[in-house]
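Here come two complexes built around chain A, the first alongside chain B, the second alongside chain C.
So, the complex of A and B:
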């Protein structure tokens, strides 16, 4: 990947919005995000907003005993047609790049789950025979406990597109508190939606060849987004599969290592936040946040 | 031929470890396809020698001819993805819908094919392995998954193998749905944890939605016996046969660090459980 020097992320001194990502799934994004949010709220006595943007598999709420929940539907706009005005000219179908429209004789079939809500069909229709209606694709929930406000999205099972749900979660807060985003795995559109515009990203990796491979991919994406990155190595042990060497080469700081420990794994399985398993971890996480504020999070490509 | 897809809902439960073990067991009678195109890892264990990479055109992207642009701003006003301003397209945001090109009075905007990744066919000890890599930030991974599966099905028919084994992505969205569609059976790799149980339920809902018969195994089953029991109850309730409980075994992690299939370690308890899983799957008429 040749990145121009102009795209090299610059140091940002005040990190308010932090996105926790990993590339590989199951490295400990949620453990870290929830632990960090709880530890910060506890130590600094400030409110913290936690956004669970892993909307295909949201899990942060399992870690928190939330009070009353606020729920609402998340919808996208999809076209409907009026047969009275339609002349079956096919302009809408030609304008749709996502295969969401098909014309059978003079009947227009709309495959709403393929629709990307771009509005091209409406624009193309010379008869104004199309209009848009909301279609539910998931739901948004909010709850608060001990200074942490959790907002999470859940994509309805059977719905393919997670991005509109992620965007709804990101838009659901105007808080001027620290915002911690529990991101989705992978490196494609869901990750872009969650990490774009964050002040920094914390990449949680594990010392395996899988972790190393996916860390490389996720650092490439963060470079493209110009989001500075720092790394946490979870399940750390003596062998590190080249993680530290990669981070050194790319100028990305490793800010914390969480060793592999059977007790941590067992309590983690019970969805106990890291700071509650051992308060020493809470203190480490607050230190991690402080280091992010002062440290040069990097992301330079060698 | 039996088409089997390995999924988990939650990430990191051991899909690739299980897939690699099955592939190694079924050596000579299997074709593998890694459909976790965002974070493809199967090749790190099976170590195939890949042939030439084939570009994957994921969709289109707007391109602006600045010499024609009059700066009227119509495209900016219409684009719902905030992907175009002052004649400059932000490729990461462009959805490829083509509305800007449709609306531009100067025909300054064109839609051009966009390469979103590469795929290739490789040869490993166990047999043919198909893999892909998505370029950083590319969209349409579901389309790449469908393309990979089409190619894999064609090759598997040609080779007359017994198994078409698909290592899938985490989640329930577009790439997972693309990976799941058209298979004879799903093998869900569950993790005994609160998150693992929650995500397993969503995955089994999705399989039911597609009408695909599901089987399950629990990885690291002894790490949290209480949750393993809950996973087991949930499977029973849904009439999803639980085919194996794979114990926590440090050898699995050691193999992931070295890039070796765990099955090759005959003395490991996890390897023994995975061997049982492979023979049970072979006994069932999927």
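So, the complex of A and C:
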């Protein structure tokens, strides 16, 4: 986009691609991602790319008054069957690890929503009775405002697999800017797709037992992916629930605490990015980014 | 005609398993010689996804043309329909009792819009 080309990044970064994750849903990934992207763009004149990879429920766009949107379909390749060349040998069905093919007598039934687009059925078929066609599973949208280019994916309702949509969002930017990924909740395939290959992960947690449990799980996944982690405690109050002790024990720095505060919640519900609720928060978020650059984010490093 | 019934155990005295895809056993009754065959539904039961499709494959592979169960989901129904298997919902009690109720016309034949999965 024009904005990316016109602005030269002024932040010298080792960490270019930051993935914001949480394990537990509702801890404040989007609050932090949007606030951080806007704060960097505003305070430093830096073009920033924000990728909303929570494709089952993308919501970063609700915070941004985006200009013209560019949209496109996201498709995956799935097999279709040509009965005239088929000998009903069953090789395709046996090759499928995902139960997407069933053979009843000489009738092949394809359950495309279970297909992982691996192509094994086509490879296995001795008759070339299968071919691949695109199947739409979601859509991608892009828009820009004030130096922030937002790209988000939206999984079609009823589709079980979010990974192809997340991958399409990640591939949709070649921007030479800081990239902030608003990741999906949980610790399953969707999180792995979004966080794998990031320079660092920022884990947003809350001081509850649920927060602690899911923080532990997500740190385990990030260790496996060899993505260094740092923690932000949101909705911080007098409780701790063992969050700080866990971070100390695992050598993961806690870089920011956002208090449990009525005004922050109300302004957040009005879709005001965190950095605009109070300029002090904008400064805190820029500082957070700088700390990520200088601080060795913790966890098992490669 | 062969009739498949989802079951919690391997004999016709067992209780019906009201689930289809995740049923423990599928018992196949053969009218020709009044015999029962017990199939362990372990492949489908342990599948990460698509249990109903796998279970439908098992039913079809054993030439059953009627299935008696509690309820099926949409993909299982699509698979059974493609396999030419008639689907009977609402089975309760033991497998033997469910078969008798079916033979007396006491079970509803499901259509695609009734295949909505677990109640």
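Rule of thumb we're sticking to: the second predicted complex is superposed on the first by the 286 of 302 C-alpha atoms of A that agree within 3 Å, B and C clash if a C-alpha of one lies under 4 Å from a C-alpha of the other, contacts with A are read in each partner's own complex, and residues count from 1 in each chain.
The definition used in the following text is that contacts are C-beta pairs under 8 Å (C-beta built on N, C-alpha and C of every residue); 3 or more make two chains touch, one makes a residue touch a chain.
Quick caveat: nothing in here was measured; it's all calculated off a predicted structure.
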Output check: A:189 vs chain B and chain C. Expected answer is one of first, second, both, neither. What do you get? first
Now for A:208: first (chain B), second (chain C), both, or neither, which partner does it touch? first
Partner chain(s) touched by A:160 [first = chain B, second = chain C, both, neither]: both
Could you tell me if A:98 is touching chain B, chain C, both of them or neither one (first, second, both, neither)? both
Pick one for A:270: touches chain B only (first), chain C only (second), both, or neither. first
Who wins on chain A residues touched, chain B or chain C? B
Taking the superposition on A as described, I'd like to know which of chain B and chain C A:114 touches: first, second, both or neither. second
For chain A, what residues appear in both contact lists, the one with chain B and the one with chain C? 98, 160
Where on chain A does chain C make contact in their complex? 93, 98-100, 102-105, 107, 109, 111, 113-114, 160
Which of the residues in chain B end up touching chain A in this complex? 9-13, 16, 37-41, 44, 59-60, 78, 80-81, 92, 95-99, 102-103, 111, 133-134, 136-142, 169-177, 191-196, 198-199, 202, 205-206, 209, 220, 223-224, 227, 253, 256-259
Flag every residue of chain C that touches chain A in the complex, lowest number first. 47, 49-50, 53-54, 56-57, 60, 75, 78-79, 82-84
Any idea which chain A residues touch chain B in the complex? 1, 22-27, 30, 56-57, 59, 62-63, 95, 97-98, 116-120, 123-124, 155, 157-162, 184-192, 196, 206-210, 213-214, 217, 220-221, 223-225, 235, 237, 239, 241, 260, 262, 265-266, 268-271
